[in-house]
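We just call them A, B, C, D, E and F in the order they show up, numbering each chain from 1.
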Amino acid sequence: MLDLAAANLLSPIVLSFALGLIAALARSDLSVPEAVAKGLSIYLLFAIGFKGGVAVAEHGVGLSLGLAIGAGVAMSFVLPFIAFGLLRGMSRMGPLDAAAVAAHYGSISIVTFVAGTSVVEAAGFKPEGFMVAVAAAMEAPAILSALWLAARTGKAGGVEPGLWREIMLNGSIVLLIGAFAIGWITGPKGLSEVAPLLVAPFKGVLCLFLLDMGLVAGRGLRGGGKVLDRGAIVFALVMPLIGGAAGAILGAGIGLSTGGIALLAILGASGSYIAVPAAMRVAMPEANPSIYLTLSLGVTFPFNLTIGLPIYLWMAQTVSGG
Amino acid sequence: MLDLAAANLLSPIVLSFALGLIAALARSDLSVPEAVAKGLSIYLLFAIGFKGGVAVAEHGVGLSLGLAIGAGVAMSFVLPFIAFGLLRGMSRMGPLDAAAVAAHYGSISIVTFVAGTSVVEAAGFKPEGFMVAVAAAMEAPAILSALWLAARTGKAGGVEPGLWREIMLNGSIVLLIGAFAIGWITGPKGLSEVAPLLVAPFKGVLCLFLLDMGLVAGRGLRGGGKVLDRGAIVFALVMPLIGGAAGAILGAGIGLSTGGIALLAILGASGSYIAVPAAMRVAMPEANPSIYLTLSLGVTFPFNLTIGLPIYLWMAQTVSGG
Amino acid sequence: MLDLAAANLLSPIVLSFALGLIAALARSDLSVPEAVAKGLSIYLLFAIGFKGGVAVAEHGVGLSLGLAIGAGVAMSFVLPFIAFGLLRGMSRMGPLDAAAVAAHYGSISIVTFVAGTSVVEAAGFKPEGFMVAVAAAMEAPAILSALWLAARTGKAGGVEPGLWREIMLNGSIVLLIGAFAIGWITGPKGLSEVAPLLVAPFKGVLCLFLLDMGLVAGRGLRGGGKVLDRGAIVFALVMPLIGGAAGAILGAGIGLSTGGIALLAILGASGSYIAVPAAMRVAMPEANPSIYLTLSLGVTFPFNLTIGLPIYLWMAQTVSGG
Amino acid sequence: MLTHKAKRVEITIEAVMEGRLTAALTKAGVTGWTVLPVLGGSGRSGAWSREGQVSRAGGMVQVVCLIRPERLDGLLTAAFAVVERHIGVVSVTDCDVLRAERF
Amino acid sequence: MLTHKAKRVEITIEAVMEGRLTAALTKAGVTGWTVLPVLGGSGRSGAWSREGQVSRAGGMVQVVCLIRPERLDGLLTAAFAVVERHIGVVSVTDCDVLRAERF
Amino acid sequence: MLTHKAKRVEITIEAVMEGRLTAALTKAGVTGWTVLPVLGGSGRSGAWSREGQVSRAGGMVQVVCLIRPERLDGLLTAAFAVVERHIGVVSVTDCDVLRAERF
């Protein structure tokens, strides 16, 4: 596992993230235009969805897709309760902020998933293609748990119907599922037409995207660092390990391959920083965004990208005996 | 032809468009940033122009280039009169709106041309490289016809000189012709230097671009659908078939190859949604943009992309006996 | 050399620049969105830095890196004084504007460097990979010389500390050096992962970027042409030859390879139009930006790209006897 | 030129709330507004900039409404219901407009 | 600080007309203005947003002019000639400016 | 609705100076502002547009501050020190704000 961790730390992907982080902390004016960053993320979502769909077209799904989605959705519902309990115990965070943070850790980070796929495949494993569908299914349930937790504090407003449509149809879910469907329908023949764009340059694009993630995380840390107490930071390093272990155990339980187990662990371990923050701004505007964004993007994301991914892969190998 | 149509409907390109359309109709917040969409279209125009120029450098032009441009320009002038007559007969549209719509159908859609080139080449035909020059030449003449039609209603303002320069030098014409010239000058050697960017990833980029086209068309349909009566919608499905047939017959008449005939048919069938709308906003501001954009982009474009392209290719095979 | 010049003039890269220039001078509305242009430049900087670092990982550095950086920094300090003297003698420019222009010619243009690398490698030379580090080191020193020159006129404000950090940590320097470091650390293995994005499509991306540079240069010439007298224009054609000769002689003196000598000549010859203008706006707001931008971007950059690059390569071959 | 008295209301609000705000305006009978992008800003909840945002959750927009003076109160009441729990600011200026039939 | 009375004119107009508007302003002797991008809006011709546009025909921009009060009428006349047949709105506000020699 | 008198200050300034301006505002005790992007403009130093810029040196931004009337002078003095040697314009308008406790 140490070899793996070292190899991961010195990969172009992680180093690109580190470059962005350092540049932002040093207050360089280096920046990736918003439109370009969004363009890169469209590319990544389309590519990962498409390739997942093609893998399913090639190898079929069987029962395991349903089981994996069920396991993922259950995790997304349950993890916020664990996170909320930990936060209330470990840090001085109020119940509303704690509920908002908890939502992030039940949901998932698609970039962590993408980077994790790279690591898992580089280590020679072939995860199930349908795991991208599991990722999409795990985005939203955690928000429900968080709203329930917040409602108990009496501070969250009623959830208007518009919000649910917004969450379920948010751009990244639609793109991921849509590209997955296109890949499934067109299969290997379709992939061969678009492979020169979607397959070969993928890792390079991921580097550029992570450069921007580093910049954003660094800017967040510069501004948001002061709102966090020590307990919150420890939480942001421990919670992913709990989520990762949960994913690994569930994955082994439902009989996924080692690669699939690793990806479910990664989904459990990762924290949202796109879909959930947007929902929180609408539904719990009084919760402080600096807290949840800094934890999720500034602490947990770098932890997962550097040290976490090899750990989750090792967990997967351990539980699967592979 | 049915095989071809089915294959086309299930291609990644058409499915990407469908994904965008569905996402917009379902009111997902999925969106491609304006700058990225413009960047993709610059790529597509540059690539298609460049490759056309290289094809001419390899195979020469002869008389046929002049003939094809003449045929294209003539079509662009004449089709608006047919369109105007049909619209006045079939729908309740006023003369000014009808003239504006007519301009769109005389002019061309470069994305339809690009998608058509993919279909034609996938079917094993090698269209003349100079067809991109014909496409560029067909953008503007229809505007003249529409202004003449509108002038008869006494409602179009005088056309200021600045407008003509604007139309002839609009970005997409200049880029297409310029890239064509660069390809012609540098030939296959030049292409080999830029092929890894302009050739292999082309289809993948086209998918992403069509995803955005689907989003834009869907948003337009959501808002603009209510301004259209049934007659106008039927027009938007019949007119491309007329334009396509005209192009196929003219193309056969001047002795183009089967692939070239198909492309001229596609140019005749397609309706503008970039150059002409801009000119209409300046010259006929009283014409309702919802009408012409919804027809051209929301009805005719999807029709052409899905069902039209195989039909025009079949027309070309029929008239050329190939 | 004439062959080389002719081949360069008819390369897709130079023709793309010419297309942009012509389009802008003809007042076409063709434009590349700001965000896309910035995205392309991030790509180019990341790719050139990364490949430089990999080259160093493969071939080592030795003493020559230090020598080359020393030579480059010295040139960047000294060239502004020569430029200032020439400008005050040849044109009617005031001392403040002359100091600002001088800063540009001591500093470097990274796009000229990138295009030059293409030309040098196409001619079969393998420049030292560390030349990108030299390029980064040469950006800033010239600003110091210019501030000193301006201070003598009593017109430049005191330089606040914030400005220095801003210059040293400006985005392009950080990205270039950072990517260089990543390339050095990950070596050929890292490059193989990202090569499909960073290597093969590089020339094509450079074409699109130069299309935009042509557009910007053309727009600048249209507006800024009138502020220049004949002497200033002659300066903008002679100064790069002086800088180029200085670079070639220094490069030979410190024992660089022919390719490395050519790149040092190109760095000496090129004029900044990103880092230095920004610094000038802050530190010398009274200097007229139309003057320095038009000279650097509208006159010297096109000269270098078309005629200059082959000349500097020829200089390098002459002094190295190769 | 003939002008008419009107009010210019400028509402700076989170981008995620734009749709809700314009829906509330529409419901209150306000049919004209213009939305401007915002690059960054500072307020009680600290400073932010567009570049520091990963998500659509982050940015803000500025909604400008020109409205007849007698309709101002309805507009402010509708807008206030939306912005109440959210960060952002609202300002009102007297102005004159051309083509009053449009408002 | 010493300030001077001036007028702030805000013209929201289709992007395709921007060049024509600024040309008309220049002809009327107005030499200072600032152009802001517009993300979307709503008016008598319905709602639109930048994302729903394929073409440069679609968007709008906002042109802001600060001008001495006595020159307002010339500006409005020039602007009106351009916007007359087009969609868009014009508002005028009283303001004070620093550095009046610039106007 | 209950509103309070305030001033709206609009400062159009080079993008490279934005950081210096907001630092000066902060130093003068001003904590609220909004930054808008600018597409282009024209003034004594000629016309420019975002598309004609290669570098961050070129563009401008507009900083809008809503402030209590009694704090206006401090703001203008701070802003003036930054914009003094630079191109750009400053205008001040009377306005009313909701939620005055925010200012």
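One rule holds for everything that comes next: a residue touches a chain if its C-beta (ideal position, glycine included) is under 8 Å from a C-beta of that chain, and two chains touch if they have at least 3 such contacts.
Keep in mind that what you see is a predicted model, and the values were worked out from it rather than measured.
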*So which chains are sitting against chain C and chain D at once?*
A, F
*If you check the contacts of chain C and chain F, which chains show up for both?*
none
*Interface numbering overlap (same over half, different under half) for chain E and chain F*: different
_Identity of the chain that, by mean CA position, is farthest from chain F_ = B
*Taking each chain's centre as the mean of its CA atoms, which one is farthest from the centre of chain A?*
E
*Which whole number of Å gives the spacing of the CA centres of chain C and chain E?*
39
*Which whole number of Å gives the spacing of the CA centres of chain D and chain F?*
18
*Hey, how far is the Cα centre of chain B from the one of chain F, in Å?*
45
*Can you list the residues of chain D that touch 2 or more other chains?*
36-37, 47, 49, 56, 93-94
*In chain A, which residues are in touch with two or more of the other chains?*
29, 31, 33-36, 39, 201
*Interchain contacts, given as pairs of chains that touch*: A-B, A-C, A-D, B-C, B-E, C-F, D-E, D-F, E-F
*chain A - residues contacting chain B, complex*: 33-36, 38-39, 42-43, 46, 50, 165-166, 169-172, 174-175, 178-179, 181-182, 185-186, 190, 193-198, 201
*Touching residues (chain side chain E, partner chain B) in the complex*: 14, 16-17, 19-20, 45-58, 85-87
*Quick one: which bits of chain D touch chain F in the complex? Just the residue numbers, please.*
10, 12, 36-44, 47, 49, 60, 62, 73, 76-77, 80, 89-94
_So in the complex, the part of chain C that touches chain F is made up of which residues?_
31, 34, 37, 157, 162, 213, 215-216, 219-220, 223, 273-275, 277-278, 280-282, 285-286, 288-290, 297
_Footprint of chain F on chain E - complex, ascending_ = 1, 3, 6, 8, 22, 26, 31-37, 61, 66, 93-99, 102
